[in-house]
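Labels A, B, C, D, E and F are assigned to the chains in the order they are written; within every chain, residues are numbered from 1.
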Amino acid sequence: MEQTARPKLIDENGRRLDGRGPTDLRPLRIEVSVLEKSDGSAYVELGKTKVFAAVYGPKEAHPKHLSLPDRAILNCRYHMTSFSTDERKTLGMTRREVELSKVIREALESVVFLEEFPRSAIDVFIEVVQADGGTRTAGLTAASLALADAGIPMRELIAAVAVGKVDGRIVLDLSDVEDKYGEADMPVGIAPRSNTIVLLQLNGKMTKDEFRQGLMLAQMGIQKIYQAQCEALRKKYESSMREA
Amino acid sequence: MEQTARPKLIDENGRRLDGRGPTDLRPLRIEVSVLEKSDGSAYVELGKTKVFAAVYGPKEAHPKHLSLPDRAILNCRYHMTSFSTDERKTLGMTRREVELSKVIREALESVVFLEEFPRSAIDVFIEVVQADGGTRTAGLTAASLALADAGIPMRELIAAVAVGKVDGRIVLDLSDVEDKYGEADMPVGIAPRSNTIVLLQLNGKMTKDEFRQGLMLAQMGIQKIYQAQCEALRKKYESSMREA
Amino acid sequence: MEQTARPKLIDENGRRLDGRGPTDLRPLRIEVSVLEKSDGSAYVELGKTKVFAAVYGPKEAHPKHLSLPDRAILNCRYHMTSFSTDERKTLGMTRREVELSKVIREALESVVFLEEFPRSAIDVFIEVVQADGGTRTAGLTAASLALADAGIPMRELIAAVAVGKVDGRIVLDLSDVEDKYGEADMPVGIAPRSNTIVLLQLNGKMTKDEFRQGLMLAQMGIQKIYQAQCEALRKKYESSMREA
Amino acid sequence: MSFIPLKERSFAVRIMNDKIYKLLQQGKRIDERSPYEFRKITIQTNVVEKANGSALVSMGSTRILTGIKVELGTPYSDRPNEGVFSVNAELLPLASKSFEPGPPDERGIELARVVDRCVREGKAIDLEKLCIVPGKMVYILYIDIYVLDYDGNYFDPSVMSAMAALATCTLPRYSAAGERLEGEYMRVPIRDVPLSATIGIIKDKVLVDPCSAEEGSLDTSIVIGMDSASNVVAIHKNSPGHIPLHLMESIIDIAEEQIGKMRALFREVVGVG
Amino acid sequence: MSFIPLKERSFAVRIMNDKIYKLLQQGKRIDERSPYEFRKITIQTNVVEKANGSALVSMGSTRILTGIKVELGTPYSDRPNEGVFSVNAELLPLASKSFEPGPPDERGIELARVVDRCVREGKAIDLEKLCIVPGKMVYILYIDIYVLDYDGNYFDPSVMSAMAALATCTLPRYSAAGERLEGEYMRVPIRDVPLSATIGIIKDKVLVDPCSAEEGSLDTSIVIGMDSASNVVAIHKNSPGHIPLHLMESIIDIAEEQIGKMRALFREVVGVG
Amino acid sequence: MSFIPLKERSFAVRIMNDKIYKLLQQGKRIDERSPYEFRKITIQTNVVEKANGSALVSMGSTRILTGIKVELGTPYSDRPNEGVFSVNAELLPLASKSFEPGPPDERGIELARVVDRCVREGKAIDLEKLCIVPGKMVYILYIDIYVLDYDGNYFDPSVMSAMAALATCTLPRYSAAGERLEGEYMRVPIRDVPLSATIGIIKDKVLVDPCSAEEGSLDTSIVIGMDSASNVVAIHKNSPGHIPLHLMESIIDIAEEQIGKMRALFREVVGVG
């Protein structure tokens, strides 16, 4: 890797490198029931970011001494393929993947009715096939759908997106290069019906005012993602209706 | 390590580097009950290849959730000492050792009456003291004897040997240098009484016809090894008779 | 690191590098009940050597198949912070730390009434904050106090110190530089009331006579440490009396 | 240590075994295939832009994603004129409830090594063309295989997916002095396209490409790898059980026929083979 | 894989939850603090002579020891003019019965990464001044954090302890040619002192610096890192549960106020900040 | 973390304990040895041709195989004129039902470190003669010990087997410029042959070389290493329990006597010592 000059990320017309305006999402594709063998699954593509999620359970918790008498445990693994990133990722879990598994698991825990399945386990697996920014939020969006697809009872869905500060502007849905050379990256996961935050992180520097702007922009993006989620679920139920 | 010129492996008279003809086994030595503390053990020496096997069990399976309600589990570890090979082998299990543990375990499973010991475990340990070609087949030969020595009920013994293609000829019982510079190495494990294959691998290139020849040659070699196995068991029972 | 000339460790007046005579201990500080959340704890400072010990238990043994039907198990971990030594210590347990965990655990086992807590576990954690020689003996001294502080019934306390051979002389309480450049290091752990050895190692070369001298010198040092231990416990009980 | 994995042996399983065998005797299978008919194969290449090469191969519901990343490095000292490749495989826990998260277990290692054997012994890559500066600088190809969805037989689609990713893999070019030639790219030099066929055996019957419902009922199974000249380049008996010696020749013949059909399909989609 | 840790949900716990919430409604807490009042903080620096820098920080009964070891190494190829630092954290089993011996679990990794984020994004260190020979030789700072005693909220005292150790850390000096200047030392060049405040949320109530008795009763909690200009430099929601969107602004305001008070204290003891 | 291994404490064991102690009071042992009599020792060298040196040592039914592999490498920077050796030990699961497969546990690590201590502190090897190019190129000796069969006391035969493998180990020769001298070989330069004696203690009684039936009944035990001049070079109390201080001198005397007898035997078979 050579030392790279920091590219100009937003041009004089307010266009980003990929032609988007500051408040545009990248092209979004959402599908559910994409994997045969899992109890529920989903695929989320946001620009070049491509993520699968699969759910197994509720099932017997294993080993038993980790099971809980009053509710299910929720296991979550966020993982990236070795070729998903510019530089080859080492096999095995990086510290970043461990952290993201935790924050995603905690976001999901907030909306699943775990109390309905004492002593059981629900496994959520997220696989990032290509990472071009916003993988944790795409992963959370997909995982929430996979849980719904598996028929796990939930208070509500979660939709998530990253916002950030790039060339001094608050923008929606950072790409990898914007994350790398931008000033701040803020992934946000929201439960839209209750209007509550279930995942929130910030990496970078923002004034309090920029933070407030960013949070508002995230809510806007999340509305769009949430609609796409609902649409994907509706399509699936219609097609399964048709089959029946 | 420098780049080495490929040696001539078979001379104009059809003699191999160690003086053998194409269908000759190396000097073979087989002993059973060679280790004091195990329930059964065996030692197999084939030329410079030297292998111990030991069996513990049937015994309580551990941890319990891996035990099976209707039969014993069979555990198997194929392992090499660090000084068994030309280059020092790293401590810990290599991927090759993991693979060979699996194929040997599966071969042994085929002949042991596991159903007679539900919820139990039988452990098979193979230690390669020196590796000069044919260690997995020598290990399987030794492990099968160690099981018999431990009094574990078996449908029949297993005998195993490698054949291969060297300087264009199909030969029996490859040495390390023949494996390294030859065209193909094919380890074969056979249950001689039922005339069935329990282990079969091929690494290299053979025509279909060469494959057929190789398999026939392996059967021939295996007959000799099987007789030596029976002889070793007979000797042991005679000596234990004499003691009693 | 450059090649270092071996320093002169004892001067013509019999003074050591830090001004001590051969039979002097370094300044000693002992405190008990220093950590809030453990069931018992202690801190030992001997010169620049600084060690914490904490005890949890008796508690349920985990996993259960490691528990013993007739007594408690005692777990022990001797661990050093990465910045405790001159060169940064790697994170994770070194082979040295594994060995010292074992010898300290075995010393402690000798004096704890484990039979009083069948099927339970007692955990002892030793953390070396700074290592300037004699960390295993300081750790054992602290661990023994932490057990007492936790109210675990013991036959008696253990006190420990290292002796060694430096510039041809038998000296008490080796510092790091004396251990590194000296001829021998001998850590000794003694149960003073029964006058028995519970930990003994030697690293280096001593004649039989020097060994005998060293063992006597260790007993002398241990008497002082033992008194400081008793004093620390007395202070703690007095202060808890006063509070009550 | 290798140990027997849990496998259902209930009454229901035995009924399934009987059914599968009876169908086979009539030349039929539970999913309406004939015994020597592999499932529908789809091959998509260049599915991951950040990889130098990639392919997604489905064989029925079994789906394999392979990606290749290229780095530069030094050659092995005993092969100073050759590039290097290494194969890794992960049985993702997304793909089956029988796969666990964590480092590859013996099945993942076995899969990687069988694919490696096919590629290496089948002389798929002209490794000498992957040498940039002899003894100093060569291409290193990391071929990483992920099982995304598992409905039996991950061997054959994995070999195929590795080959499809290799055949479409793009490398940055370097001068003989080891300087990067900006904007110039080359393909991985492919010499042959080895493929594999997995054969299942039940008593005296043989079938190809077992799905997971069938795998539980097989007596045993074996993977056969062949190059384009129908040389056998890899064999790997991959489960416990006996193969009657007299069946081996027909097993090889069946594998040859299957691989021929797969090769035609591969050539059609990928353009080589 | 991340999994839900055991957490008591007994009847006794529910009583505690009620009590804590009722007290909060009256502006009180179980340890007699007010909602926006952190526990007593003590900062000791240079506590480990063998470390280049070290600090022991207590926040109530929670005690954090940070030590820094300095080595020389090569810079990252994309940042040839900058020194390097890495943060590690261990939740020592001495500190709590809920901490296990062994390599850091997800909580230890999370702690290290949150501290790293505060230091890095808060631009605490002038990394260019840690470069000795560009592209060749830079200082590498290993910032290792040990939780010695754990009574809740290890984030804020860890950030503070890392900053105190950094601000008092001593480096051997080198010439521009990379030669050791015997007997010469320099300080780590500090540009800013980012600090953090952990905020707990129960229903519509908010409190700062939860102790461990409170942690079990929180709906959720969040760590906010800020630099000396009150820029937000790190956010990390660190437990399950919901934060009503309308609370976020006041959470940031409360964090700003707390961090301001902590900064005054830090400056008083350490002399910078 | 070190934890108490399972150890039988049944009624049968207590009867055995009594029996062993009563026999000892009469100067006898369960296997008909006298208290200060080690078991039959056999030493075979050069048992593994692919190793540079190797030895198989039996002490009764306990059997230890040591092999040495030699590589070239750089010396430690603080000892630029010395070769390097490292000792590893594995308690193979073949050897005893109490040994598990996997990386060495604390017993394997302890064994390796005790052998290392005897060899290093006993100055067994003239490390300066293992330097080829000062500061640049030295011999590195990997001394790897495998316990093949375990009937108690693996320490003494392991030290002996390491020394026998070292004393018969062959090294390829190099010129002072670091060039391989084809066909020329040299021996590892042996300066001394440290050996060890393991002493078991039951109440006021002492025995040497405990077999595994005795090990379970010992109060404690200790390994003493000595060089040829009867200097103590290593001590390692290796199990829980008390040693009355007044017994220590006689323990050292007994060890000296045993090691003397072992040394005579070693010299007879190996030719040095």
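A few notes on this one:
Here is the rule we go by: a residue touches a chain if its C-beta (ideal position, glycine included) is under 8 Å from a C-beta of that chain, and two chains touch if they have at least 3 such contacts.
Computed from a prediction, not measured in an experiment: that's the story for all the values here.
Across the assembly, the mean Cα position most removed from that of chain A is the one of F. Set side by side, B-F and A-E show the greater C-beta contact count at A-E.
Taking the mean of C-alpha positions as each chain's centre, the chain lying farthest from the centre of chain C is D.
Per-chain Cα centroids separate chain A from chain B by 51 Å. Between the Cα centres of chain D and chain E there is a gap of 48 Å. Between chain C and chain E the centroid-to-centroid distance comes to 32 Å (mean Cα coordinates, whole Å).
Among the residues of chain B, those in touch with two or more other chains are 77, 123. Listed for chain F are residues 1, 101, each touching two or more other chains. On chain D, the positions that touch chain A within their shared complex are 47-51, 54, 61, 63, 65, 67-69, 71, 88, 90, 92-97, 101, 103, 142, 144, 146, 148-151. The touching residues of chain A, counted against chain D in their complex, run 35-38, 41, 48, 50, 52-54, 56, 59, 77, 79, 81-86, 88, 91-92, 123, 125, 127, 129-132. Those residues of chain C lying in contact with chain F across their complex are 1-4, 66, 68, 70, 73-77, 95-96, 98-99, 101-107, 109-110, 123, 184, 186, 190-191, 194-208, 211-212, 215, 219. Remark: chain E residues 1-4, 6, 9, 76-80, 106-107, 109-110, 112-113, 117, 121-123, 220, 222, 227, 230-246, 248-249, 252-253, 256 touch chain A in the complex.
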